[in-house]
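Only one structure is covered here, and it is reproduced in the block below.
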Amino acid sequence: LGGSGNDDEIHFYTDYSTETWQDRWENDLIPQFEDETDHSVNPEYAGFQGDSEERLMNLIQANDPPDIHVETFYTAADIWAQGMLQPMTDTLEAVEDVNGDINVETFEDEEGVVSQGDTFHVSHGGYTNVLVYREDIYEALGLEVPETWDELVDNAEAIDDSDEFDTARGFATQAGVVGQSRELFWMFLYQNGVDTHRMADGGVEVWVPEDEAIEALEYLTELAQYSPDPSGLNWGTSLEQWVQGRVGQMYHVNGWAAGVAAAEGVDHIAENTAVAPLPRNDIPLEESYMTLPTGNGYMVFEGGTNPAGANEFIEWLYADSVERTASLFEQEPMRLLPAYDDVVTSDAYANLEYFQAWPEHLELNRQIQEEIVPMYGQNTEESPTTGAEQYGLSGYHYADMMNQIIVGDAAIEDALAEAKGQAEERLAEGKELTGGW
Amino acid sequence: MSTPTETPSETETEGGTRLSYETRDRLYNLALYGSAALFSAVILFPIYWMVQNAFTDSQTVITEFSWLPSPETVTLDNFSVLAAGAVPRYVINTIVVTAGTIVVVVAVSLVAGYGMARFRFRYKQSFAQFLLLGYMFSPIVLGLPLYLIWSEIGLLNAQIGLVIALSSISMPFAVWLMWKYIQTIPESMEESAWIAGASRWRTFWDVVVPQTKPAIVACALFAFAIAWNDFTFAQILLPSQESTTFAPGIMRLIDQGGYTSWGDIMAVSLLMTVPPLLFAYFLQEYLLKGFEVRTR
Amino acid sequence: MTVHIDNMTRVFDSPNADRIVAVDELSLTIEDGEFLTLVGPSGCGKTTTLRCVAGLDTPTAGTIRVDDRDVTELPPQQRDVALLFQDIALYPHMSVRENMEYGLKIAGVPEDERREHVAEAAALLQIGDQLDKMPASLSGGQQQRVALGRSLVRDPSVFLFDEPMSDLDAKLKRELRPVVQRITDEIGCPVLYVTHDQEEAMTMSDRIAIMDDGELQQAGSPKEVYSEPTNDFVGEFIGQPAMEFFDARVESANGTAAVSMGNHTVSLPATAAELEGYVDSPVRVGVRPQQIGIGDPAAGIEAEHVLDEPLGDETHSIFETEFGDVTVVTHADFDGDGDTDYGLVLDESATQLFDPDSGVRIH
Amino acid sequence: MASETVESTATADRRSVRGRLGLDGEALRGWATVAPVILLYLFVAVTPIAFAIYASLFEVPLLNPNWTFTGLSNYVEVLTMNSFWSSLWLGALFMVGSTVVQLLVGLWIALVLNQLDRGQRFLTAVAFTAYLVPTVIVVLVALFMFDVEVGVLHIAGSTLGLWGERTFALGDQTWAMPLVVLVGSWKFSIFVTIFTLAQLRAIPDRFYEAAKICGASRWEMFRDITLPRITGVLLIAVLLRAVFMFNKFDIIWMLTEGGPAGATTTLPILAYRTAFLHNDYGVANAMAVVMFVFLALGAYCYFRAFDPTAEVDT
Amino acid sequence: MTVHIDNMTRVFDSPNADRIVAVDELSLTIEDGEFLTLVGPSGCGKTTTLRCVAGLDTPTAGTIRVDDRDVTELPPQQRDVALLFQDIALYPHMSVRENMEYGLKIAGVPEDERREHVAEAAALLQIGDQLDKMPASLSGGQQQRVALGRSLVRDPSVFLFDEPMSDLDAKLKRELRPVVQRITDEIGCPVLYVTHDQEEAMTMSDRIAIMDDGELQQAGSPKEVYSEPTNDFVGEFIGQPAMEFFDARVESANGTAAVSMGNHTVSLPATAAELEGYVDSPVRVGVRPQQIGIGDPAAGIEAEHVLDEPLGDETHSIFETEFGDVTVVTHADFDGDGDTDYGLVLDESATQLFDPDSGVRIH
């Protein structure tokens, strides 16, 4: 088991790797698949920060990439941009036939990731960016769900100051040099009516208008006063803080925080975790650049040892029946929302053991799917989704900038200018790799 | 001697302010035991804290602060993590790798140290220096080449592969230690065995090895520290869940859950702290003897 | 078995470029059953010689034969010698018994036979009750016995000792000497015994070989080397307290010879003819302190009393003379007096003459 | 006699020829004993280092196995990089700070342990344990103890007014570096202690007795006997500690990931970031090579100044 | 200055429960300028006594006074003693000069004065040219001189030596003995010198104190302890070769006493009256080997010759008798013959009688 194996084994590198996932893969899904086909599957689990990337790099450098890699698409954009992924259009079609249309962002636009007529990603689920907040705190302090940044800041201050919730801070402002802090910055750009890139002269260019960006960063800096140590916050640690009841509001994805709280048996937090659209900065909804959910799922390496088998495995998982697809959400039901229209509404999904135990969490997921997602994606026409742009997004320059400004004492203007410079370099690199597209 | 004027060392050199001998003695003991108390507190406190929280209800751990464990919240529940999921596997793997590393390091360095101490060959000194040079290269960029080499020779995910890697980074120090130690064993003991008809190998085994015990313990301890500690190598060379060791394993666990239960972590930490404590308690005499580098 | 050392030389390359000739063309034969002692000052090459015979070192030139077999290049394992080191070298991790039977174990002797041999040797050495102890808990003398026992259980064909007693005190030495002699007698093989204690050499040996600076000076029975040293080095080295030397000049009158030292003259038993070539030349006169009498200043070499060292049965008295300090063995009750002047009277018949340059004994 | 001479010179010649080739039986056996070490080292140190040096001449996108030869440009990039020089400074700070603290504390503990006549065994075991506890655990416990809500050290520090009640000390720019040094020292000081204590125990009592007879006070005995007897190992321990700390990665990474805002980004952290976050393996290797050169130079100067091996009998 | 040791006892708790009485109620006075030697077998408590006087150890009971000052509990730093250890204890990290001047430096003596003292002492010890070397590069004898020098530059008020020469060979010992004597004479303070080499004790001391098993057996001048031992232990310990003992029975006829041993009778110089209480009782007869003559079997104790140890000027011959092995000092040319029977003739005037139970000398 693990890294190397015999030649036609399907090497499956996944970050669906909690203990429950591992159990499911090894004792249920994989044996069943192996029984039904001639293939054998060799699963390998990745953590989700740093380590997994390092391991993937090792595999690629050894010219022995895995057959299947599971990740959020844009984070793997550099791999894709270098032409190392296999098209999966047929597989996606087969999956859509069973589960309904895909509803995560990358597949909305024919000119987007589904470039040149091909799809390179079969999503398992989508991440919707939301404001996570504690219902009980709001209630106790008489707070309203914020719609603007000012309201958000006020709430943060109120929570921070309250004696009743002594340990809870106002807002988790992620500013580590890792993925989440760059996304927090993007979200604030989107909700201030701008984006990171735009189309100009038929090509993509970096577009981070200074005024809007500075305003966003100023708000973030202000919010950081009400945050537990911003430099240590990332996807994992902010969940941790949440479960420990140390924050009252934060930026995160889906109802994941509620799920972790439930899994850890911290019921009062699991019950009181609520989500809302991320607040905007006094702009009308139509001007928001908030994107549709980001797809997280399967990619197949062209250079793997058994790409055909890999596709077969993915089809077996997702194109068999809605029931099987829904059943794949039994593990981590709150982390990802199904990426296909028919799944969330299916009985099979509603009947998952987890939702039987936590009906309010089913409601929460449906709320995201039915209320929040429709509010996003207003500006998809103007917001480009090209190879070079996706590549440009995968760098850590904005994370660095957030860190410099919020944790360090860098001047906002300087740090922003430097980050933009790097963004431009990165975009140029992306264009070179993808042939200008 | 009978009058102060005859004892210049007492009065003249230090002036009249010199404290009486008894007072100085008392002050010295105060400083000594004070120091001992202070550093034991500094060293012991984190361990105490670990123990205290390992036995405290995991919810209490993150919400309440208390200097002493309170009877209501004392629990053994945290230790259930030791039986759950992958933790036992990690621990067993760590033990296997550590034991393997100790065996390889001791065996190889014993032979090499013997050779260095007893045979005359050219470039011996250069060889020793060359070994130490290896310590000067930052190990963090070595992951990739190691990975490539290991996958080439099929040692990935094999605990023996990690054992080899860890052994060789323990090598410079271990060989040096053995070398210096064996030099202190009189050669005449071996010679008398040769004269009795024992072959070189037999002599090594019967005469040298038993007397090298302190150095063996010291090398074993050093290898133990390296293997028990190792995070980086295990992370790179044992990617699979089944074969990996404690340090990367626990980091994965922390990552995966998206949530750290401090109670559980303290319980696991306690488990990983006990073997070194036993090692240090029972073998310290040997160990110190083994580390004794004769200076001029 | 007989050991023949022929023209053996051993040269060491020293780190600071000049070579050290530790043993210089040494030729020596040790007969079967003979107890030959090698004595000499520190660094004269005794240990080196022994190590070459044992096979722990290889001569640079020359050969070593045991009977007719050339063993010069043989490794120690194949020589069947027993060697007892100065620093004992008992194995600290083995019990006394294990130490003693180690050689037999290596030779593959079965357990019970080993026990028997060990018990026998232990009885002889009076350490029968120590067998299960560890060496560290034994006294120095006991350790030495164990080391001795370890060698002798093996019944070797050559027995080598390298200052086996130099770490012991006088009493223990005296106690062990007869034990060693008895044992080597019993085994009956050639014995090469190194020491720098000339008392040990005198009392134990069939023959004594005296070395200096890598070269053999004289080999002969204890009496021979005591009374007929080939040169002044041997004369001074053998005998206790050491022989005293006086610078003198040979004078001849009517065919009888005499030596004059300072303003004192001693007539010699030798005729002038026997001293051919030395008449009127300077010589060194050697006399043992036992052969010097004390008289009044006129009768002998004028001397001032310095110190008495009473030993109970005799006294060593030290006098200052124009030839330097001279030790004289006086009777037990002698009690020198710094105020009186004495004269040292040499026993004429016991004087020996040495060439002042080469040191060779003339007569 | 004549034939003897011929024979003996022949033997002498035979020896010296073999000797000159360095391949007589003795040398062969000598090399055979160290062969396993060489083999292991070849695998685990030499080849990877050679590989890294080689890679430093290429542009290596980690997520693509195709390398482009770029000559020394990676080196140029490293040497003109601002962050390189600031990390070098931070790294030097970390190295010197850690080494000094570890030396002083380690020495102090050793001296105290050596003097104790009660509880010595237990305290020695406790001290050694600190060295043997895995770094991961030290880090986890440290993080727990600095936790803003229930962390005992956090509470102690904020009560003393060192940092704010809600400041995570390891996330504070002023405190991060000192605390990383201290946490590291908690674990690694004992390395110095082990060496020193072993040496202290080897100093014969009679040295002190002779000094007492001369009338020496405790301080004089320490200055004239203890210190000279342990300087040798101290010099070696300092060298080893400095080298180890200069290359230290794991404990810093796990505690702060080089943060906050780069306050603990030493060279190894920077190299790691460059390789795995910026996917610039070639530059990272160039960095490692430059670090190696600095370190080797430093060690060389150290040797010239103190020559620690001269203090230790070979 | 005078050192008084009064009723001193030192008890050690040994790990295996039974206490060791290292020194048992020892009382001893060392007069100013006196050279007192403490001898006794290994483990008899010599070192312990010395360490108590130096302050490195504290007596369990009893007192130590220097003149009228009670120093029993004083730390060594405040005693102004000089102590020379058996194992030298030179500081390997200091040069010879630094080693020698260390005591002065501690005492705060200025640099140039120190140099002067050291130069003086070095000249006396003939190591003037070694001052800048490191101890490791000196020979054993030289190291011992340095150690000696280190003590004597200090001009202490008490001088203590703990077997300072036991690691040296006989020649060196003989060379250093006068040096030590001369130096201590010059300083003129009380000297307590420990050795287990009785020759050293005999030759150097003003007085010898013999200890056994923690207890003082006798203290007296060398001649006194040699010729009038208080008990058989002292008799055997002092003198070389050791006194021989024979089990015997006192017989009295006409007021003169005789002892019969086996079927041989020796008449005594003592009258029966002097032996009151022992007549017809068993006693032990002690005779020094020098006082035993060799005759034919009928004339003395029947003896079989075992071994000769020729020393050049005399021979030690060992005989087997019904009383065990007996060593006799014979003349240089004596050459025993195992086939002939001999008779050992004791010199009547030199016999000493000891109580067989208590060992105390009767006469």
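The first chain written gets the first letter, and so on, giving A, B, C, D and E; residue counts start at 1 in each chain.
Quick note on the criterion: contacts are C-beta pairs under 8 Å (C-beta built on N, C-alpha and C of every residue); 3 or more make two chains touch, one makes a residue touch a chain.
Since this is a predicted model, take the numbers as computed values, not measurements.
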| item | value |
| --- | --- |
| Chain centroid nearest the full-protein CA centroid | B |
| Interface with more contacting C-beta pairs, comparing D-E to A-B | A-B |
| Chain centre separation (subunit D, subunit E; CA means) in Å | 56 |
| Centroid spacing, where centroids are CA-atom means, of subunit C and subunit E in whole angstrom | 26 |
| Chain centre separation (subunit A, subunit B; CA means) in Å | 42 |
| Whole-Å gap between the CA centroids of subunit B and subunit D | 14 |
| Contacts with 2+ other chains: residues of subunit A | 54, 57, 61-62, 167, 244 |
| Junction residues of subunit D - those touching two or more other chains | 62, 149, 215, 217, 229, 281 |
| List of subunit B residues in touch with subunit D within their complex | 9, 24, 28, 32-33, 35-36, 39-40, 42-44, 46-47, 49-50, 53, 61-65, 67, 108-109, 111-112, 114-116, 119-125, 127, 131, 133-142, 144-146, 148-149, 164-165, 167-169, 171, 175, 180, 183, 221, 224-225, 228-229, 231-232, 246-247, 250-251, 262, 265-266, 269, 272-273, 276-277, 279-281, 284, 287-296 |
| Footprint of subunit B on subunit C - complex, ascending | 54-56, 75-77, 79-83, 85, 87, 89, 91-94, 102-103, 106-107, 150, 154 |
| Sites on subunit C touched by subunit E in the complex | 42, 139, 166, 169-171, 174, 177-178, 181, 196-197, 199, 202-204, 222-223, 226-227, 238-242, 288, 290, 306-307, 309-313, 316, 318, 329 |
| Footprint of subunit A on subunit B - complex, ascending | 59, 62-63, 85-86, 143-144, 147-148, 151, 154, 156-157, 235-236, 239-243, 248, 251-252, 254-261 |
| Contact footprint of subunit E on subunit D as seen in their complex | 204, 206-207, 209-217, 220, 224-225, 228-229 |
